[in-house]
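To keep things clear, I will list the structure first and then write my remarks on it.
Chains: A, B and C, in written order; residue numbering restarts at 1 for each.
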Amino acid sequence: MNSSLETLEQRDLAAEQSLQEQHSLPLGFVRGEPVLERPDDLYIPPEALELMLEAFSGPMDLLLYLIRRQKMDILDLPILDITRQYMAYVELMRELHLELAADYLVMAAILAEIKSRLLLPKPPSEEDDEEDPRAELIRRLREYEVIREGARQLDEQPQQDRDYFIASAATDARDIAGQTPPEVSLADLSLALSRVMQLVRVQAHHHIQREALSTRERMSAILERLSQVERCDFVSLFEPAEGKAGVVVSFLAVLELNKEGLIVLTQAEAYSVIYVTRAGAERVLEEGVA
Amino acid sequence: MITDKQLKQLVEAAIFAAEDPVTLDQLLTGVLANFSLNKPRLRQVLDQLQDDYKERGVQLNEVASGFRFQTRAELGPALASMWSERAPRYSAALLETLALIAWQQPVTRGEIEAVRGVSVSTQIMKTLQERGWVKVVGHKEVPGRPALYATTKEFLNYFSIQSVADIPALGQPTETDTRERDTEEV
Amino acid sequence: MITDKQLKQLVEAAIFAAEDPVTLDQLLTGVLANFSLNKPRLRQVLDQLQDDYKERGVQLNEVASGFRFQTRAELGPALASMWSERAPRYSAALLETLALIAWQQPVTRGEIEAVRGVSVSTQIMKTLQERGWVKVVGHKEVPGRPALYATTKEFLNYFSIQSVADIPALGQPTETDTRERDTEEV
């Protein structure tokens, strides 16, 4: 930052050149190139001109620079001089086919027009009535100058993540807040179920049996029980209190679990106790026995 | 050189400004890089800071990945109101996953995905389990031993049903069915 | 009831934990909702907190949209070295456009271009809006109905200013412009 600042200071416009322009300019590239030090020598290396134009935010900025360099006040806008210099820059831009030129050409036209009006001989009687042809441009320059200065002051303000940082603390309060989960109605669940049933119906073309619901649920219950005990007696899976329907559900669940290979039924000999174990657990059991 | 006071301010500010917990090394090679400082000295500073904040609303804690300021534990419930906007609704994807688990349990994630034709996000499975509605009841003895999911008693209790078979059948829409259904993703 | 100490801790923690600056009203209707508290009393608490942090590495500041803790001004350079990637630099063109919107708001893109004498890139307007510094507050009733741009409170917060008048160059309206200038955020 410091070395680049020094480079800029060589440019005899340090006082007015705004900070943000320094930011946008890849200064290391310039390496003390006396780009703007020789106002009358219009030879500028092409790459330096490109950089220089990047330093100006537009034709107004360039104009202000040209005026300031002559230590003139905007109000005394030396139009002939400024126009000549401005045109020289624009001509260079055109030769270099710089894309920026469009907006600069508009300003060139304005300057040329003012210049021609100033050079036109005026009938003495009208002299007092006619407005200074420079007036509009002067007004615009002054307005722009306020903005440019405002932008410079804005850039000098303390900026977040450059001059200050937001201080924040972690909190577990958000997790606590997240602990009130959304409510779901049984109807919502029913609708979701009907959607997935429809999906399966479309995919499988087979009849959907809602009755299977309780069987599947019982399968889960048996599996869960078998995850807690190594094995259990087949008979213990039936709860007489549930009645006939409950027994049927349990029986179907055991058959289905067996079919899906989720459990293994073992019986040492006919009429002896049937044991139910989780699939995959029998190996562990056998190893334990052996 | 930096005074003790400035040093403490700098460490304090750096921890407050950091997005994540800050380690001693990060401080030493970061904000303190220009002040040859050793770890024991920095530890002292951190101890002092911890002490300074003992009675404050935020405290300096050392967590697994470094130091950070966090709000005082007791304040959690009071602060929670800052974020307690009404919880968003569950997504259709979540409810369908739940319905599928209820219906086809015990079921693997792969089987759920096969029916829904889309992958089931880990977040959904996590949410359902955190809510206590779904749990793992075993593993299928196939390569990868995928978890088998089933619904829980809490699930039945929440919906006040005895069994998943009590979930209202198709074609019997209740008046609540007509509610706006564009559920938001959780 | 809440003790004075707990009250201060709660306010302190709330400001530290909040994502954005917090207003008195937000505190009163949020974390403090259960403790019938009036504004003058809360002001006192905030004054005390400001005082507590006077000599610390972070400070309690009131910015355009409320209270926030931020790092001490003198520490900026040392901290910036730790997070140089977080500090964006803005071009002269962007800052001029921003200054112009702040000064002449609500203003159209055409009006900005007229003052700057150069077309305003779409990228600049996009960046300003993405940063939340500028927003469209309406449309000018002229052919094409161009959007009218204004600055936001986030813009003021970011640049640590209370109002556009804090930028001296922009402080007083131009003689050509007598329009209402302080189009506050809605």
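We adopt the following convention: contacts are C-beta pairs under 8 Å (C-beta built on N, C-alpha and C of every residue); 3 or more make two chains touch, one makes a residue touch a chain.
All figures in this text were calculated on a predicted structure; none of them were measured in a lab.
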Chain whose Cα centroid lies at the greatest distance from that of chain C: B
Centre-most chain, if every chain is reduced to its averaged C-alpha atoms: A
Chain A-chain B separation of Cα centroids, rounded to whole Å: 24
Chain centre separation (chain B, chain C; CA means) in Å: 31
Distance between the centres, which are taken as Cα means, of chain C and chain A, whole angstrom: 20
Contacts with 2+ other chains: residues of chain C: 13, 16-17, 58, 69, 71-72, 79, 83
Chain A: positions in contact with at least two other chains: 165-171, 173-174
Complex contacts: residues of chain C adjacent to chain B: 5, 8-14, 16-18, 30-31, 33-34, 55-58, 69, 71-72, 75, 78-79, 81-83
Footprint of chain B on chain A - complex, ascending: 165-174, 176-178, 180-182, 184-197, 199-200, 203, 210-214, 216-217, 219-221, 223-224, 226-227, 261-262, 278-280
Chain A residues touching chain C - in the complex, by the definition given at the top: 18, 20-21, 23-24, 55, 57-61, 102-103, 106-107, 139-140, 143-144, 146-155, 157-171, 173-174
Residue ranges of chain C in contact with chain A within the complex: 13, 16-17, 19, 58, 68-73, 76, 79-80, 83, 86-93, 95-96, 98-100, 102-103, 114-119, 157-161, 166-170, 174, 176
